[in-house]
Amino acid sequence: MKFERYGTGIVKGMALTLKHLFRAPITVQYPDEKLNISRRTRGNELVWFPEKCTGCGTCTKACLQGNIILVTHRGEESKFIVDKFELDSGRCIFCGLCVESCPYNALAMGLSYECAKYSRKDLVLSKERLAVSNDHQPSAYYRPQFDDQLPDQSLLLYDRDKGGQKLKFLPLSKRKRGSGA
Amino acid sequence: MTVAVNTEETGKKIAEAIPGSVVSSEAGSLTVDSKSLAQVSEFLKNTPGLEFDYLTVLTAVDYLHYFEVVYRLVSLKNNQSLILKTRVYGRENPTVPSVTDTWRAAYYQEREIFDLLGIKFEGHPNLKRLLLWEGFNGHPLRRDYL
Amino acid sequence: MPIKTEQFYLNVGPQHPSTHGVFRLRLSLDGEVVTDVEPIIGYLHRGIEKLAESRTYTQIIPLTDRLDYLASMTDNVAYCLAVEKLAGIKIPERAEYIRVIFSELMRISSHMMAVGFYLNDCGAFFTPVLYMWREREKIIDLFDMVCGQRLLYNYMRVGGVSQDVPDEFLPAIKKFVAEMPRYIGEYNQLIKQNEIFLARSKGVGILPKETAVNIGASGPVLRASGVKWDIRKMDPYSIYDRFDFEVPTGEAGDCYDRYWVRIQEMTQSLRIIEQAINQIPAKGPICSEVPQFFRPPPGETYGYIEAPKGNLGFYIVSDGSIAPYRLHIYPPTLINITALKDMMIGWKVADLIIIFGSMDVVLGEIDR
Amino acid sequence: MTLLDQFQLILKTAGWPEWAVYLTPAIVGILIIIIFVLTVVIVFIWWERRLISRFQIRLGPNRCGPEGILQPIATAVKILLKEDIVPEKADKLIHFIAPIIVFVPILLIFAVVPFGEGAILVDLNVGIIYVIAISSISVIGIFMAAWGSGNKYSYISGMRSIAQMVSYEIPVVLSIVGIALVTGSFSMIKIVEAQSIPFILLQPLGFLIFFLGSLAEMNRSPFDLLEADSEIVAGYHIEYSGMKFAMFYLGEYGVALAYSGIITTLFLSGWQGPLLPPILWFIIKVMLVFSLIIWMRATLPRLRVDQLMSFAWKFLLPMAVINLVVVAVEVLVLPAGLQWVMVILNFGLAAVLILLWSKLFTLGGGRVEV
């Protein structure tokens, strides 16, 4: 191995790092600034629409973890009435196969991605927790009907373009410096 | 395009060179007797026109009354492939000759099969469990393992 | 009086910053010179092959995500191709193109990780990794846009892909393809001619051509040794015969060649993506009708693709039920590390790390 | 006359007893230096983390205090609160002493670093030789840490440290001799005062050798083989935690500060500079040198141990010897007023030598032979 370039390679590399010193940092400071996630995100907390669910159990068969517990009984006109619809989000792998398999659009993936809980019991989601609420919205994964309501994904690709799609940040809740959360 | 070689012709060639080695040569795969596997592999690697110098997948399937060890050979020179099979009977101590001398690609794959299916490869330089730990009881990929 | 010496054993791993996962190398050292190497694996064994025997064909797709977790998309493609081959399913034109685009994006992303961490192993303190992650994030954004997750995509389905790409996807990827060559140029400027890097990686860890073929190496490791063998070219699966691209090869088979082959492959992948964007049919079905619990005919098949790390194959035996009778995964990196002993003996500890780094090993795939 | 001498004089005239006249200024001076060094080290830690993250297009620590300036203090508190773990197989005494032996000599170096005009603890007439002698002691500390930990990674690190430190000492000393020839003194104050033209211009080759050598002495990239994160994890301080680790951590930045200060003193004309007060000039120059070191760390990969050794013995040492001879001849032949001629001559010489040696320098294919 001979040194034949007289150190020009090192100088080139150092010039590049120097150039990067004056570029904008790519860091997004997460709890303060939040990027918009994909509209199709397979997020935490499945959304379940009780009025659409017929209790057919396709989703339980589709789940490769065997994670969805569905208990029904026959009601009037021999329709299924769901007594229990439960899943343990600690065991869920967010593959989305249950949403894909549901023939009645009664299931959708959630939109949230902050899944930490203080105890394992909280991870088990019951019927009430799975229903739609203000902070529990469905994502457009396999459910294109929700697509329009959701904000555009912020793509890093369009970061510093002029006139293009800018980075969009979700509205900051009270920004506190140094609080970390 | 990697062409699968005509197994019947190849089977005939092998049968001529090593009598009694070919069990069947139906379309798609070539089944040889496990006892002559070492010779067959040498033959397949070194015969002009075949020259299977590149072993890709080596696996085994448990069909309950026998194990089938599958080799997929590729010739980089002639761009052709061959699926070679051999059967081994018995569940207690199934043994197949190792092909690591011919293709070192078999080194880890044979160890893995030994680990997960319990087929012994005679002549393997270092036949130890690969993925599971020493002293693990049983061979998980057998169909009767619960 | 003879000096009494004894063998110096060193365990590199299972927890070590440069083993790229839970991998263990048991070294015998003479000073700093490696005299013997014994790789010990299995720390990440999850029994995916056994799990697959009790899952339906669709349910196995999320499992394949967990093989090579830096290139989940190609794992999905390989598995789906194998099942389609087994069941004789034709997939729609548009789905084929989407698959090609995503495979190549995945290849770029995986090579970025490989090259970035290889340079990190050489001692460049995280700068190349972060520069490459900047672009990798953009690729992952595209994946996220289409399939809703950033690491374990679960996007391909038997018979096509799970969902059509959204409208903003094609403009975004066009922009990506347009700006990417500049960044590859930057990576080259950063380190390619750096004297220290050259001194560290040229001539180190040579894998001769004959050994590479004999141990069944594949992917960039095989090509760096000078064997022009790329399944996309030699045995085109899917629609790869429609694209014009080159297969970069190395000469010496050393660490530098493996690095350089990967960088060149990134450029070639961009070429393929560009052609695919131009040829992709505007509208059309993206998945052929396959029932959720479908039963392929009894038989067996071996489907294989050129994954970023090499020849990835799935050997599937079907007995006509909804679950495969046997699923075997042929992991390229497990085969590639057969050569570790040949490449490492006689080199120093520092070389050992970069030789291992240049192999681009992902333990999820080795241990399955 | 240094500031301390003046202080002594004041006390003497105030009629203090003789022992107090000598002791009080010394204690005050030592305290000031230790406080100054620790403060600057904390700033250095923050500066390195912020700057290297900007080289890597990140933000770096920015949560504690304005722009994250308090982050090193938070880190220090965290480190101090950690459990002090001593491995069972460690040589306990050596394991305990080693951090002290590493840290104390680094503080001792600052005794002869002139921070401003007269702002020096003691103006030794062998100042620079003292620096070389004292800084070599930390090698023993590092080796003790490596041995005492009883960890195989740290053994390797210890072996590397001995080889590296001993090899790089020689070119460093030889390049210093070149300066001593020009100034005619080893005293740090005299060296600074002699620099009407900074010695970086007068002796570019000497600067290069000294800079690279001191990079190796303070284990910074690309010579950070002792700590080689990706190879031997953290090298000699792999088994240290808590306060003992903090000593190594402070020592690492302390030695960086010390060598930046010495480079400033020897080659960048020390505290001298127009307009601004001397101490500010000194700090600015030290920061510049340290930023250059950070910049190199952000870009360069690491050398291998045999390449490191051949770089010292085959590249730096011959160049240092030639540099020394040339400077000696120049000092003899050229009259004192003609320093600008020397600048031109030496730049030409440096360029020719580097080109020539680049052609000749080989690393032997990277195989085992060193």
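Which chain is which? They are A, B, C and D, in the order written, and residues in each are numbered from 1.
One rule holds for everything that comes next: contacts are C-beta pairs under 8 Å (C-beta built on N, C-alpha and C of every residue); 3 or more make two chains touch, one makes a residue touch a chain.
Model, not experiment: these values are computed from the prediction.
A.B. asks: Using the stated contact rule, I'd like to know whether A-D or B-C comes out ahead in C-beta pair count.
C.D. replies: Looking at contacts between chains, B-C has the larger number.
A.B. asks: Would you mind checking which chain's C-alpha centre is most distant from the centre of chain A?
C.D. replies: When every chain centre is compared against chain A, the largest gap points to D.
A.B. asks: Pick the chain whose C-alpha centre of mass, unweighted, sits closest to the average of all protein C-alpha coordinates shown.
C.D. replies: So the chain nearest the centre of the shown protein is C.
A.B. asks: Using mean CA coordinates as chain centres, what's the chain B-chain D distance in Å?
C.D. replies: 63
A.B. asks: How many Å are there between the centre of chain A and the centre of chain D, using C-alpha atoms for each centre?
C.D. replies: 50
A.B. asks: Chain B to chain C: how many Å between their CA centres?
C.D. replies: Using C-alpha averages as centres, the distance is 26 Å.
A.B. asks: Could you state the distance in Å from the CA-based centre of chain A to that of chain B?
C.D. replies: Centre separation, chain A to chain B: 45 Å.
A.B. asks: Listing for chain C: what residues touch at least two other chains?
C.D. replies: 127, 131, 134, 190-191, 194, 196-197, 199, 202-203
A.B. asks: In chain B, which residues are in touch with two or more of the other chains?
C.D. replies: As it turns out, chain B has no residue touching two or more other chains.
A.B. asks: Got the chain D residues that touch at least 2 other chains?
C.D. replies: Expected reply: 55-58, 298-300, 363, 365-366.
A.B. asks: If you go through all the chains, which pairs of them touch?
C.D. replies: Touch list across chains, by label: A-C, A-D, B-C, C-D.
A.B. asks: In their complex, what parts of chain D are in touch with chain A?
C.D. replies: Where chain D meets chain A, its residues are 53-59, 62-65, 295-296, 298-300, 354-355, 358-359, 361-366.
A.B. asks: Could you please specify the touching residues of chain A with respect to chain D in the complex?
C.D. replies: Residue positions touching the partner: 1-7, 10, 13-14, 16-18, 20-21, 23-27, 29, 177-178, 180.
A.B. asks: For chain C, which residues are in contact with chain B within the complex?
C.D. replies: Answer in residue numbers: 41-42, 45, 47, 49-50, 211, 213-216, 218, 227, 229, 231, 234-236, 300, 302, 304, 311, 313, 315, 317, 325-326, 328, 330, 334-335, 337-338, 367-368.
A.B. asks: Enumerate the contact residues on chain A facing chain C in the complex.
C.D. replies: Residues 1, 3, 5, 7-10, 12-13, 15-17, 20, 26, 37-42, 58, 61-62, 64, 93-97, 100-101, 109, 139, 141-142, 147, 152-153, 155-158 of chain A touch chain C in their complex.
A.B. asks: What residues on chain B touch chain C, complex-wise?
C.D. replies: 1-2, 53-57, 59, 61-62, 70, 72, 76, 79, 83, 103-105, 107-109, 112, 116, 129-133, 140-141
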